[in-house]
Each structure stands twice: as C-alpha cells, then as structure tokens.
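Two complexes are shown next, each including chain A; its partner changes from chain B in the first to chain C in the second.
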Partner chain A sequence: MDDNLEQPNAEAKPLLGNEAEEEDQSSGDDDEGPDWTKLMPASSRPIIPKRGDKEFEPLKQGGSGLQQHILLRSRNAMFEALRATRTISNKTVSYGTWHPTLARVSVAVPRGTSMNNVGHTVPREMVMPDGTMKTQKRLELLPEEGVYLIERGSLMCWKEYTIEYPNDGTFESVTGIPMTVQQAYTEMIGTEDLTMDRYQVYAYLKRLGYSVTRSKPPNAFYPVAGLYPPSMSALSSSYILQRIFSTFSSWISGIFSPLFSRAFDWWRPLRINRWLRSEKNHSFMFRSLRFIPSGHKVPIHSHTETTSPYEPFFNLYKPPTPFKKSAPPPPDYQMVVVNARTTPMPSLSELTAIYDNAPELPLPLPRVRNPSQIQGVSYKKNAAGANIPLESRTTKETITPSMTIGAANGLMPSWFSSRTSAPSKQNERRVNPFAVLRQGTKTAIVATVDAGTINIFRFAQGAFETGPWY
Partner chain B sequence: MDSRKIPIRVANGRAYIWDVDDLQTIRSEHRLCGLLVGTLPHLSQQNLFLGIPSQLMPEEAALLVEKEYAVFVDDASAYRGATLSEFNAWNAEQREYIKHQQLVLEQEHANKKPPEVAQKVMSEEAIRKRKEREMKRQKKAAELQETEAEVPNANEEKVVEAEAPESSNAFPTTYNISIAAPSSSVPWYDPSNSTYSSISSAKAAGIWDFPSDLQDRARYGVFKDLWEQGYFMGGGIRFGGDYLVYPGDPLRYHSHFCATVISSPTQRIQPMEIVAHGRLGTATKKTHLFCTWDDEKGTVDYLSIEWAGFG
Partner chain C sequence: MSSNRFRGGPNKGGPRRQENNRIYRYPLPLIFSDSPPSRVRSILGLLGLSLNQVLNPNCEGYYDVSTRSVWIVTQRDSEILWRRGFFGKGNLSRSEPSWFVRQMKDRKSKGSMTSEEVREKRRADRKQFKLDRAAAIAKVAAEAETIFETEGRVVVPALFGPEIPSGATWKPSTVEPEADAGLEQEQSGDAKDTETKEEPEEEPLEDMEHLQLTLQEAFFLAWNLDCLSILDPDTDEPLSLSEIWMTFQQVYLAPPIPNSPPPELQFDNPFLVHYAAYHHYRSLGWVVKSGLKFCVDYLLYKRGPVFTHAEFAIVVCPVYEDPQDQEISTTQLQNSSPFTWSWLGTINRANSQVMKTLILAYVTIPARSRVSRSVLNSPACFAHYSVREVIVRRFIPARMRD
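Here is the complex of A and B:
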C-alpha cells in the first residue's frame, strides 16, 4: 500500500441519466467504500484520494497479522478524520439564532460564500433596543439550511431562550444557548416537513454543489421559482380544454368517449383525400387506423385524491446556473424524496401528477464524441451546446419545429401535421428514436433513502405515437 | 471499554452515534458499522468521505440494545437550559480557546518559522513549478510596470489598501471558532432522565418502534443470525437486496453475499426473482442469499443462488 497521494480525481458522480444507471449495475465498486488511510496526513489542504483496494476475506481467526495491521491502520485513519473539529475563522463564520416556535434560524451576522444561495428574507416583528416593536426584514434559514450550514462549520447557531444570558461580545451580538451539531440534528430535523431522509438528500445535493430550494413555498415570503418557459402555449391551453372536455364526457360515456369525439367510422376507417398527396404515406395511414386512444393526452381514469408521498419536494439548480435567491429561475430539476422501506412504487396517477407540472424536455442531441461535461436530463437546451461542433448545433435547431408538430399530433387532425413536417425533415440528421424513447418527453426524479443510503431514480414519460419517427 | 453502555441518540425515530470513541467500540468490538451521514467539516464539498454522526440501521441499534451493549437516549428531551454559571463557564472556555490561539499565533510570528511546514508536504516538482510561476509573474509585473510606469494605477493602490488592515491587526482579531459536534461536550446536556435500557421501554416511551411488524421481525431475525455468525453487515439497497454480508470489516474486505429477507417459509418466490437476483449477484461478483425467517420457531434458513453457466 502506498501513501502517494493522488491528485484530486473524485468527480461528482453524474447524478442522473444514462451514465449513473449504467454504473450502478455494472460493478461491485459501490460497496468498496472509501479508503480512509488516504486522508491520513493531516495536511492543510484537503486532498480527495483515490479508492483503495480491498481483499477478498480475512484469514482464519480474524485475519493474519498483516491483515489486522492494515485494518487497524484504516480504522485509525477513519476515526482520526472523524475526530477533526469544526473550526472556522471568525471572519467567515455566520451567527444565527434558532427559533423552535418558528422552525427557522434567523441569521444575525451573515458571512461567507455559503450564504449566497440559502435563506430568504422575512419581515418579522422585533423588539428594538429601546423596547418598541418594529417590523423588520431579516434573513431566515429553513431547518435544512440551518442544519447543513452548522454541520458544514459555517454557522454558529444559538437557541432562542427565555433567560437572558450575558453577552460579553465574544460572539458579537447573538444571545441564547449555543447549539451543538447534534442538537441541531435533533431539534431542527422533524420541523417544517423536514424528515431525516429529506435532509440527507438535501445535504448530498448541497455537497455536490447544487443550489437547492423547496418546491412548495413554506410561507408567503419564500421566493417562488420562476415558471417553466411556455414551450407550447397553444398546446397547453387546448390541452386543458381537452382535459375538461374529456373528464366531462368520460363521466357520461366512460371509455368510449374518445371514439365518438373523433367520429371514427368503423366501415370506412381510412379516409384519404384524393387531392392531398401527402396523405398517401405509411405514417398517415397508420395514424388514421388507430382507433384506441393512446398517449398521455388521454386522462387516466382512476384518480386518487389522497395526499401522495410523490410530490416534488426540492427544486434543484445545477452548480453553474446563475442563481438569485430572491428570484430563483425555473429549477433545472425537481426531486421527490421517499423512504425506501415504507413507500411503495409510485402509481400511474402519482407519476402523471408529477409529469403534468414538469416541463417538456428537448429532444436528445445526437451523441457527441467528447462531451464537454456530463449532464443529466433537463428541460433546458443542453448547456454544452456552445462546445458542440457547428454541424450538430444546426441539427438541434432544425429538430425543434418538428418536435412541436410531433407533439401536436395527438390532438390535431393528422393531415395538418404530416403536411407541415415535410419541409423540416429535409436537411435534418435523424434523431435516434431509441434515445428519444429512452429520454421521454417529461421526467420525474425520485430519491429513495434507506437508513441513510440514497438512491436516485428517474422516471420518464414517453410516447410511441408521437415523436421524430413520424 | 468497561461496563459503560454506549448511548444511542434517538431523534425522530432514527438512531445516531455522535461520539467517535463509541463508534470505534461499536465497530471493532461489536462488528457493527452504521453509516456515516454527516458532512466532514474540512472536506465539505464531496460525498465520498462523510463524517459524524453515524446513523445506525434500526437492526443495528436494536441489536446493540438487546445485547446490552448500548442504551437508547431520547435526545430531544436531554437538553435542559443552561444555568448561568454553566453558560459563563462555557463562555470563559471559548475566550480561553481564542486567547490560546492568539498566543500560538504570536509565538509563531515571533519565531518566524513560516512556510517550512507547508513546503515539506509539497513534492519537489511542485516547488519547481511554483518557482517557475513566480518567475513568470514577476516578469509580467515588471513588464507591466514598464509600460504603465507613468500611470500610478488605481488597482494596485486598492490592493495595498485591502491588505494593510489585515496584516496590521491580523492576530488580535482573526481567530478560529470551534463548533462542537457531540452534545456530550456541553454541560447542559443531561441524558440521565431520558435513557432507556431496553427496546420495550423505549417503545413504551414512544421514541422507538423497531421491530414493529412481521417484516421487521424477519429483518431483525436475519440480521441477528448473520451477525452472530461473525459477519459484518451493510445496507444492500444499492445491490437489490436487504443487506450486504461481509466476511470482515467492510473497510478492508469485499462483501460475499447480497441477502434478501423473506418473512415467512411459506411465502412464494417467483422464478423471475430467482433469475433476476442470480443475474444481479453474478454481475456484482456476489452470491445472492435468500434468508427465510420462521416467525414461530425464530430460525433462519438460507438459500444461495449463483449463476451456473451450463451450455
């Protein structure tokens, strides 16, 4: 075993998307775990080491002398690393007060970059030094933000307390009882809908560098994320109309309503306009012959009204996203957090509810040889677009019109689409249909937590009856 | 460790270990690992190495208490308000700590033993590179000065300004603040009235609920049985099972089995499951283990599945 420290090579593992799935299945790497001996030299600059090699099994009686020695060394390295205390310079530490009744940490002295993307300002009634009440805005942290900053060593937190403790100015103007990290875990988790599972996912994402906010504002002052760009405003309005209409009609005629609304003629299913040449192709004919309604525009029938555990809880912003905490942009992802031991798989209606609020994803780009950056699937156009050779960039642009049309297929009378989509297909490099199917048009991301182990899944909504193959 | 029982801090139904010494005991004497879930204070932007606290699986916590190695502590009710003297003592301690740092800093400053320590850590190549960089920078700066000699540039002035206050009163005002992790280090943490030495008493107090049903009992039974045979256990959700079974400390050895708990001997297993688990186990270089719990007899039967390459 060598002590040569490697250069930092631990990349943030790709959270979502193809690579993550493949890796999880491919090897037993995951149970290898970190080699704590690489943390041994307590150097000033932390170095993220490479994983070590493990052995198959110990020899009889708990291992040979060498094995025991190495094990002891690994363990000691681990415990030494764990014993490190949280110290922070008084120039970068923030001071805050935990208000158990509000379930918030008010930040009296915000400092450091870790404050850049947490917290929100709330006007509160406060007692002024002269004894009067006054409404003032102050920065407040949600419990998860508080715990994370405390545990990270960026925030020194005090618990609001009825007794006035003397303040000699050592810790500036904050008063109360100082809290330990343990106390923060115990008292802050469990408030304001924050479960341990959710906190663990939050901390995991924060450590990866994401900006994380709540999907559902916990109070009126919490900044609401921007809305997704209305990619298909025309579609969505008619979509809502259709939804209203079809729920109404399904109430009357149940499953048969789509048949009647389309006025499907059983004796003459194929009506080809003799003047329109464009109708004489396979895709048009197949579409005309389809009499069972399909696709996600058809509302699902069983509707459970109970509250579902599958509601997006966190909004995620990728690290490089310009993030303004008072007016956050539409999130890159939304994430659901569930307990792996108690929550069953999501039902179709639960998933549909998530998809209904999710943005439509752009078509996947053709594969690039050396992608500049591995990214998950987002509603945004691939940010790496700038680095992609010009050829594929033009492809992307020409795809877009055909995508809107493809999605409209489900609604519009089909002769419309097949005619207009013809010109855009001329100079387009064909998108791989399997990649499109695999990615889907909408996505739902679920983090499951089992006794501290986090797994993140992506569900995708895709459709066979629309897409670039038409 | 003598007869002192390890306190398992229970908060929101989860079991945590906050003291590193306890963690050490649990790991080396009781062969239980827990799972580190906290952020390491000095490596806070990565997920590979995590820190205190260690979250115990419910099985682990229940086992430790049943074997009388540990007790449950209801953490939320263990904090009482600090008395004035306790608070003052704490405050004095903090001041002492800060003063001590200043003293050390001043001494270091007096001894003028600057970056030697840092240089030892760096390799020779790094030093060489740094020197090259320095040379380049100096060259550039010289060039810049030559070209802009007549313009007393504002930039530089600003830099000087910014640096000046820091260097002039650096050691009296810059110091480190230490944030304590385990509550056992503060005097107003008093778990004596909220300690439960058995699972049933903790259940009665409403802070703990494992094992609560047949599924839990089966999981616990299997876990205990494997543990009693000398195995180490970890969570197996990443491998499509309930537990990973290690022959030795997971720090040093790979797991041999991925175990699935079946809560009754009469429960049916679909052939698909056997194929799926066999396949998955092979792909991850493990043997899949079906562990059947008999709730009446309190015994476990094991069935291992491996891919046999016929044909």
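Here is the complex of A and C:
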C-alpha cells in the first residue's frame, strides 16, 4: 500500500481485491481538466503526468528552457483545439418554441438522437391555420431539457410571441423571437422547480450518458416511472418457509424457555446455565448480549417533519438500461439535489423517509473481475443471474433473487437464529461479508452542489445487526 | 495501528501469525474449563449437557475520576484484558502495554523489535527513499536539460522508470548482507555505552505502566461479564454495580453542589449514548477501539488490531426522539446536530484514504414525554435506546454507468 503512495506517476494502480473496490472512493479523473494534448495528432503529443509531484524544480543556475518549451507546446495544443469552429449538422438540429406561461418548450421539429430520451407528449389546444381550435398532441420539453439541448447546440429555440411578425419562410413551423443561450438560462432556470443547482446536476448526468427524468411528475401527462417489483423477500417461497420455521421455533422455545431460563435480569444480563453445553461458548455469550434494540426496523418514536428538502428529484437510468420515454422503467437510482451551503446533511428521519420508498438491494455479487460494478448496485442486479461468474453458479445455493438481505432479516429477530440461518450463512460465504455490510439494504443518493461543484454521497441503510458477526 | 506489522491478507500464515492466533485465541475474558475426556462427560455430551466451568479471571481496577477511566495496575490483569478481547490501552504505549518490554529490551538490547521501534525504522527508511527518489528525478531532469541544450532534442524527463526507484524497487542504501544486522550492531553499540554507564547502578526495573479502560469498556466488563471489580481509589473498596452505574453517569453531569441532592439523571448522558453504541458493536463480535485518530468515535476490527486493519469507522450520532428535549438539555452532546457537508466530506475522505468505510451510528435518545426518567436508575433503560447504521460513501456517476 505504501508503494502506491510513493509513486508519483500517472499509471493506473493495479486493482486487486479490496483495494480495487476502495479505489472507487478516491477522486477520479473526472475531477480534472481535459488533457488538451490528447486532441493533437498522436505523433506530436507530449506526455504529461496527470497527477503526482511537480515535474521539476527550478535549478539554481537556471534551466536551458526545456521546461518552457514543453509547457509552450502543451499550451499551443489547447489553443489549437479551442480555435476550431464548432459545427453542427442541419439534420440533427431540432426547432422549438419556449412558452413562458407553461414553462415548456414545444418542439415543432424533433431531430437527432438527442431527442430519444427527453421530452414528453401533451395534448394542447392549438389554433389551426384556418383559425379553429383543436386539441393536438405535441412534444414538450421541461426547462432543464430545453436549456441542456440549447447549450449543446441541438435545439434552436424561439420565444413565444403573440404579435404577428413577418415570417420570411425560413422556419415555417416556428414563430416568435429567436433566443440566445444566455436568454434560455435566465428565462428557463427558476421555472418548474428547476434551480441552477439542479440544472448543473442534470447536465452533468446527461453528459455522462444517463437518462434523467423527474421523480415527481410535473403534470398529469408526464410519464410515470414503472414501479419497483415488490420486495423480493416478501414473495419468495423460501422466505415463507423461513417465516413458518421461525414462528414454529419461537413457539417451541416459548414452551421450553421457562424451564431453562429465568426472566431477564437487567443487572445481570449474561447468565450461563451450569449444565447446558450449548451455552458454554463465546458465540452464545455474544448472542445473549445482543439486547439493545438495533436496526432500522426499530421504530423511531419521533414526530415526522412537515417539509423536507430530501425528496428525490431526479430518476436516473444508466446508459445501458433500455429506456422508453413514454413508459420509463423503474429508475436505477433516485437522486436528491441540495445546496451544500444552505442545506445541512439529512437527519435520520429524513433518511428514513427516503428509505421507506426505496427498493431493497440484493446481496452484492461475488467479487468480479471488473470491480467497477461493485460500488453501485441497483435493484436490477436481482435479475442479473447472467452476470454471476460461471464458477459460482456450479452450486445451487448461489445468489438467487430470494436471498436478499431482507430475507435474512426475517430470520434474525430471534436469538435462536444460529440454528435456523444455516442456509443463508452458506450463501453469505460466497460474497465478501464486508461487501454485504458496506452495501447495506437500501440506498439514498444525495447530490450536493456548491457554486457549480458537484459532490454526490450515497447513504446506505446499514444492517450490522443481521450479521455476519465476528 | 499496530497491525502495520502484519502485511498481507488474513489468510497468510507465518510463525508470527500462528503465535498471535494462539495468544489472542479468546475473544472475551471469560473462558471455559476443559475437563479431560471421560465416560461421564461423553454421556452428558450426548444429552447436551456439560460439566465445564466458566473461568472468571476476576480482574481488579481503580476508578480514576480525573481521567474518566479505570486503571488496571497489575500485569496479570492487564495482560488478560488485552489478550482476551483487546480491552484498554497502555498509558505509556500506543495500544498494547509494552513499556516494560521496551525498557527491558533497552537494557538487554536483544529480542525482537517492539511495534514502536518498527515504526521508527519504517519512517526513517521512507524518508531516505524519498530523498533517493528526488535525487534520481533531478538527475534525469538534468540529463534532459543537457540534451536539449547541446543537441536541441526534446526529451521529456521521466518521473518514473528504470532509473528512478519506486517503493517496490528501492532498497535501503546501506545494503549489507543483512540490513537488520547493521541495525542491531548499532543498537548493541548504544546499549554497550549505556550498560557501561549504568552497570554500577543497575536496579530491578519496575513496571510503571498501567492499562487504562474507558468507562464504556469498564462497564461492559463489570456489568455483562462480571469479570472486573472496580475499586474506589480512596477506600480501596470495590464499588457495587449500582454504584458504578450511578458514578459513571454522574461524572458527565454538572459537578455536585455540596449539601444538595445529586443532579438528576438525564437520558442524553454521553456515557449512556456511547455505551449503547459500544455495547451494540461488541455484542456483534467486533473489537471496538477508539477512532480519535481518524476523526471518528470508534473503529471496528474483525478479531482485533493485531490481525487486520480496522474495517469500519463509526461516528456516534445521537438523535433526540423529541427535539424539545434537545432544546432544554444542559448537555452539549457531540454530533447531535447534523454535520455540514464539508465536515462529512472531511471525515469520509480521511477514512476512505485509509481503506475504512464511514458509518454513522444513530443512537436514539428516548423522549422524556414517552419514558419516565426513573428507568435511568438501572441499565434497564437501554431497552428504550436504539442503534442503527447509515453507511456513507461517495457516489461517482462516471464510474457507475454500466
């Protein structure tokens, strides 16, 4: 580990086991500015270390200008790259009109792939060319979608204007006053709950290829995301069996426990029976010490706050997720956006409110070759049987959707679980137990924005009380 | 911490590891007698019964008000409590009370290095490595300058490569057949000096170190396992469990006013809140140590600090069930208000840098309106507290696209 700290180079660290996973936490390349020299033809590209120690220190006698020369070369590369004229094909430009009263951009001419996952159709009363009114469906964009497309050069936007003015026939389908990018920013941000912070998060995610929609539909025609499949643990047959088994065993123990154990004495919590062999080991001792209520299932006796800034605002779909904009599937993630300076971090009750509506995560997959997947587990990994490496599929008891942490939860309330939980223990051996604890059962994602800098945290609902124990 | 000595995964063998497995084989101070096999025993075993006895080490410690800790002064008790569950900390050492061993070693100048010495040597080595590397980089840069000056050819000076030592390739420059031998010689040289000086006044070395237990640790041992009696330093008499319970709470309350009743017990006593968290993780089998060096309250070790690095860093976040209780409270309970984002980021950065996962352990404090404060007279009040975790990590969308 020390070795990695020592190396001042730009080589990717070899990702091994735990370290690979933790690597996700350190700052990534996405935090840095672009390397302009990459835009030059390969032959003239100098190599610049991306991070690490300073490349050189000034010499006493002064250098020969080598460093100056290298620096100049890189700087020129940047200017060359910036100097190029930005062009866009006419075939991929859409035309739209901004309606300030509706806070929507209606798209008269949708073109290009960037329209595939933005916008929704709304029936609106419209004046037909012959002067009659008619309800017609049209494609409309939310303000953030409008600003994003305008800024990226995919949408030319006019502002709705009531006074007729001569149309020279260039853009037959659009009327109004042409809008600049600046105008779009000033007019569109601030409408329909869109703040600058939220727009910045939206644009950041869109540039990474995510499909982003609103969690709370802004109007009745906005397509609602599909519901999460009902909690896997509640349905699976093994869970029902476990329930039966655990009620049965607690019933049995209810009969026998008065014979062996006394009432719980708070001044002497640990009682080891003189005779019973099963109580003469350390795991029994640890088990009998687990009497302080724990876990998120314990009710919080507190009054719920009236308004919370912690309501999911965006639904996120990863690039590979099949996304149909008229009927979006359940989102991969839901994200809250807050201002880092004005909103303190969420309180326990605010987090609990998010968890109440969040889907339960499956157990993490056994360690995979490509560790980039480990950090973000979405609910869909339930169905990811195909992702499980072959070697772990050889036994039947590998991850099945039913074996969620939730299913294990059902077992744990009784302290007799050491006997009943044998199958789940076998199951857990396949995955890294620390990964299970680290992932938690549910997740809340909060993007904090401070003057344009975005930092995103993940608050997972922990379940230490469900084991594994040491 | 002291686990730095043990590089490599938990499955790596080696004599040292085996020795540790032997020394630290008990997770708790209570152990069970192992009666020799006999016929009676095997019959009882079939019936699920056994005659094995619980062996209680019956340790003793002194309560110290000013440091809010319990001092274990005998070497036997210190050793038991450290080796069986890693309780406490030597007051003159980093963790395990090793002062006496270090002193003896200084006198005899042989035997293995203590963890403090290993650390010193590592630091010296690392410093030398950085100097060597800087020199090598400067040399390469100077060569590139010369080439540019004389031939006009641009050679970007390398920051790594065959000519520049890395952590993997660097060796201490005093490469003798055995680096350790050199070190030992040096030490024995030192020791000879001291020996010659001190030889006339050689006196038996007294162990000046004690093991100090936090109040949470002490109460855990005294209450649950009944293996620690806590003595009043003034009277030398053991305190009863209910006296301990009251004393440990009152030390966090306002100082008593003479000739007036002691201050009323409070639900938000820091002792109770931290004890609930400490007990929760201990009961799950984790070894819980102080996390002050990592901006947190506790660190969780699987098995113990000599085996692995801590896996989780715990911040205890008290939550008042009734926000009004917080307003009228006289206790300034740490972390009871939400962190700013910058502070959360700070703790998370500090811990993810050392491969630990940050956990916010929320401990709920019962509302006065819901629970009568009379329950505070006994540990039964813990039934009204609850502990739950929230795991904090950064979410980086650029890495999670597929």
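FYI, the second predicted complex is superposed on the first by the 266 of 470 C-alpha atoms of A that agree within 3 Å, B and C clash if a C-alpha of one lies under 4 Å from a C-alpha of the other, contacts with A are read in each partner's own complex, and residues count from 1 in each chain.
Rule of thumb we're sticking to: a residue touches a chain if its C-beta (ideal position, glycine included) is under 8 Å from a C-beta of that chain, and two chains touch if they have at least 3 such contacts.
Just so you know, these numbers come straight off a predicted model, no measurement behind them.
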Partner chain(s) touched by A:345 [first = chain B, second = chain C, both, neither]: second
Chain B versus chain C as contact partner of A:180, first or second or both or neither: first
Chain B versus chain C as contact partner of A:200, first or second or both or neither: first
Contacts of A:448 with chain B and chain C, given as first, second, both or neither: both
First, second, both or neither for A:291, with chain B first and chain C second: second
First (chain B), second (chain C), both or neither touched by A:71: first
Touched partner set for A:151, first chain B, second chain C, both or neither: first
Which superposed partner A:83 touches (first chain B, second chain C, both, neither): first
Which superposed partner A:267 touches (first chain B, second chain C, both, neither): second
Set of chain A residues, in rising order, touched by both chain B and chain C: 24-26, 28, 30, 46, 55-57, 63, 70, 204, 208-209, 340, 448, 450, 455
Chain A - residues contacting chain C, complex: 1-9, 11, 17-19, 22, 24-26, 28-30, 46-47, 49, 52-53, 55-57, 59, 63-66, 69-70, 204-205, 208-210, 266-270, 272, 275-278, 280-283, 285-286, 289-296, 298, 300-303, 316, 318-320, 340, 344-348, 351, 372-373, 375-376, 434, 437-440, 445, 448, 450, 455-465, 467, 469-470
Chain B residues touching chain A - in the complex, by the definition given at the top: 9, 11-12, 14, 16, 18, 20, 23-24, 27-28, 35-49, 51-53, 55, 57-58, 75-76, 79, 81-82, 84, 87-88, 90-91, 94-95, 98, 118, 121, 173-183, 185-186, 188-189, 234-235, 237-239, 244, 247-256, 280, 283-286
In the complex with chain A, residue positions of chain C that touch it: 9, 26-28, 30, 32, 44-45, 48-50, 52, 54, 126, 129-130, 133, 137-138, 141-142, 144-146, 148-149, 154, 156-157, 159-160, 166-168, 223-226, 241-242, 276, 279-286, 302-303, 311-312, 317, 319-323, 337-342, 344-345, 348, 352-353, 355, 357, 359, 362, 364, 366-367, 370, 378-380, 382-383, 385-402
Residues of chain A touching chain B in the complex: 10, 12-13, 24-28, 30-36, 39, 41, 43-44, 46, 48, 54-58, 62-63, 67, 70-71, 74-75, 78-79, 81-91, 93, 148, 150-153, 156, 161-163, 165-166, 168, 170-171, 177-178, 180-183, 185-187, 189-190, 195-196, 200, 203-204, 207-209, 340, 448, 450-453, 455
